Every structure is written in structure tokens, then in C-alpha cells.
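One structure is given below, represented as C-alpha cells, and several questions about it will come after.
Chain lettering (A, B, C, D, E and F) follows the sequence in which the chains are written, and residue indices restart at 1 in each chain.
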């Protein structure tokens, strides 16, 4: 079902650079203009969304999931 | 205690642009090369870390927290 | 930006029944066939998405966020 | 240790329909009256809780983990 | 509904030492043998569970939510 | 990059007791003075951080990820 917009404040647009498949979860590495963003999602989702190297995606993160470290 | 390195694969370096204070949690907006990264952390942590507009920080996200949407 | 599909395996469609506003985060209660699904998102997102009582939404949960309890 | 009640506002009761085992994490699919709820937990927890197809469980989600998308 | 057991591998038993109330979420500080464990849950859950200073509770964390830092 | 301090309110210091390797994620069990704390992180992070049995680490949890159950 197409979604108009989502609450995730942090959205990183890019293309999939690599997928590491596992039996339950897979790692999806997204190349964005400012570096790689890494995601771990279910392997079923990788198949359902037909994700492949080169697919254009949005990596999304809820604000409550972001930690802050001081340098 | 100083930390040498952390497992969070997604690290966004930047400076705090805005803090919205609440009684329990606060929103911390970090200006990074990726654009603004928004975090919600406890107001106690904002005080303990002495975060202010302009403070240099690292916004960190575990890979298991990143969702993938297809465009 | 419209999204074609997302990896969140758990999607609950419904209408917003109530919004409790806070200075930083708000509670959004969605009436779904499963019963009420409760979400806490940033108050900024509530405004950006123009969420109101009655708005049709999808409540989304990553599979890695779901715990299992035995009865 | 038996638990009287838990803060997770979102509780979905059902029976396990399928378990996909992995070396570290497993996918547990719970059939509820209104659709499948999918969870990824450690394979150790699957064993410790003696989860099997047919086991009656509660799938639990913290409100801070629920995202909202507009249709 | 009483729960027999839960998959959260990390369970910290203790008594509530302090509650900081907010309009949407509240901070609950639990005194455990590990030291203080801090939780942010909805204020509605604090009321529904009738949490007060001194209440005996279990603080629960899914293994997928735990980060590892090297010293 | 060394980190001075982090917002995660819940920090458990200990030594790694066991690592269960998977193709995508690994389980890291940390022995602390008050029991085992279990984490699931990407196998890449285990390699990048050169984690081994005996490595001294900090297990970190954001307060928004901690649930509360009543006994």
C-alpha cells in the first residue's frame, strides 16, 4: 500500500550497495551521498520488497532510537 | 568514562542546532552533512552531558533500528 | 516523498482516536481491528504530518521490536 | 518469574504459526485474530521459553517503537 | 493478564526510586543490584500499572536494543 | 573516534563471556558483577571492534528501550 509520508524524522535516501543474507535477518547497506547507512531487517522483507544491489531506497530512523555521544 | 569505540554502525557527526526541552525527554537536532538528524533523549542526559546549541556530538543509531522503504 | 512499500512487517491500519500533546513527544492512539495501537512520536511529526483525530494512518512496527511473552 | 502486568501498551494475543530458526536470532510468527504479527528474538529465548508452533503467546510492543505513516 | 515468562533476556529486578512525570511520557528510575536502571514509558502506563516509589518491578530490555562499547 | 560520554543512562561494565557468531548478527554475552547482560549486534561490528571472550566492554541501553513489568 503506498504511503504518503511517515513520522520518521531521519530519512536517508540512497542506493543499496550490498546485501548480506542470513537465514532470518539480512544486512542492507545503503550508499547515501554522505556515507553508508547500515540496516538489519528480516530476510523475508528483503524478498518481499525485492531489494537488490542498486535498488533506490530510503533508510528511516525514529528519533527515539538515536543516541547522542559527546566528542 | 571515555569510550574507545562503539558498535553502532551508523554514526553522524555534527553540531547541535536546536534543543527543545521537555520535563522528561528533550529533542536534540544535530546538523550533519546528511542534513538534520533528530534525537529524543532524556532531559537528564541533556543536562549530564551539558549539551548546548553548538556542542559537537555524534548521533548514533544501531543497525537493527533502521527501516528500509522502497521508493 | 511518497513511499511504495516499507520493510516493517507489522502494519496496523486504522484511524486516530486520540492525540495527547506534549512539548517534545505526543501519544497517538490508533483504532485498528486489533484494538487500540498506541504510538509515541515527536510532536513535530504530529504537526508535519498534520495528524488529527480521524486521520487514516498505518501504525508500523519493526519485527526486531516485538517481544514475546508466554501465557 | 511470573509477571502480573507490563507497561507495553500494545499487546497482541495469539498462537505461534511458524518459527524460522537461525543461529543467533529466530523469526516467530504469531497468528492473531486480525493477522500475523512477526517478531525477531534470540534463538536462546525460543529455547528457554520452549516456544513451538501452536504455543499461546502475547506479542508485545513499546509505544515508543511504533511509527505512524499517513496514507 | 498474568505472564508466565518473557523473551527479554535482560531482566533487572528492583524497586522504584523515583518517578519524573511528564504529560506524555515519564521517567521511572529503578534501584537494582546493577545500580539505577532508567526507563521512559508512557505516563498512562505509570497510572495503569499503579507505579509508585517503592513498587517492586522488573526492568526489561530486549537483546537487540543493547549496544556494546569498547573501553 | 574516542567518545567522551554518551547519553545512554544505562551502562553495564563487564567482560565478554561468550560470543555466538551468525552470518549477519552475533550474540555477545557480557559478564557483569550482577549477572549476564546479552546483546545482539552485527557480526561486522564484532569484527570491527575486535571483540573476543575476555574483552572489557560497556553494555549500553537507551532509557526509551527499557520496559517495566510489575511483579
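Just so we're on the same page, a residue touches a chain if its C-beta (ideal position, glycine included) is under 8 Å from a C-beta of that chain, and two chains touch if they have at least 3 such contacts.
As the structure is a prediction and not an experimental result, all values here were calculated from the model.
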Where chain E and chain F touch, do the two copies share over half of their residue numbers, giving same, or under half, giving different? same
Quick check: more C-beta contact pairs in A-C or B-E? A-C
Please work out the Cα centroid separation of chain A and chain F, and write it as a whole number of Å. 22
At what distance in angstrom does the C-alpha mean of chain D lie from that of chain C? 18
Just the number, please: Cα centre separation of chain A and chain E in whole Å. 29
Where chain A touches two or more other chains simultaneously, the residues are 1-9, 13, 22-23, 25, 27, 38, 40-42, 44-45, 49, 58, 60, 62-65, 67-71
Who touches whom among the chains? A-B, A-C, A-D, A-F, B-C, B-E, B-F, C-D, C-E, D-E, D-F, E-F
Within the complex, chain B is touched by chain C residues 1-8, 22-25, 42, 44, 60, 62, 64
Under the definition above, what is the set of chain C residues touching chain D in their complex? 3, 6, 8-10, 13, 27-28, 30, 32-34, 36-41, 45, 49-51, 55-71
Contacting residues of chain C [partner chain E, same complex]: 20-23, 25-27, 38, 40, 64-65, 67-71
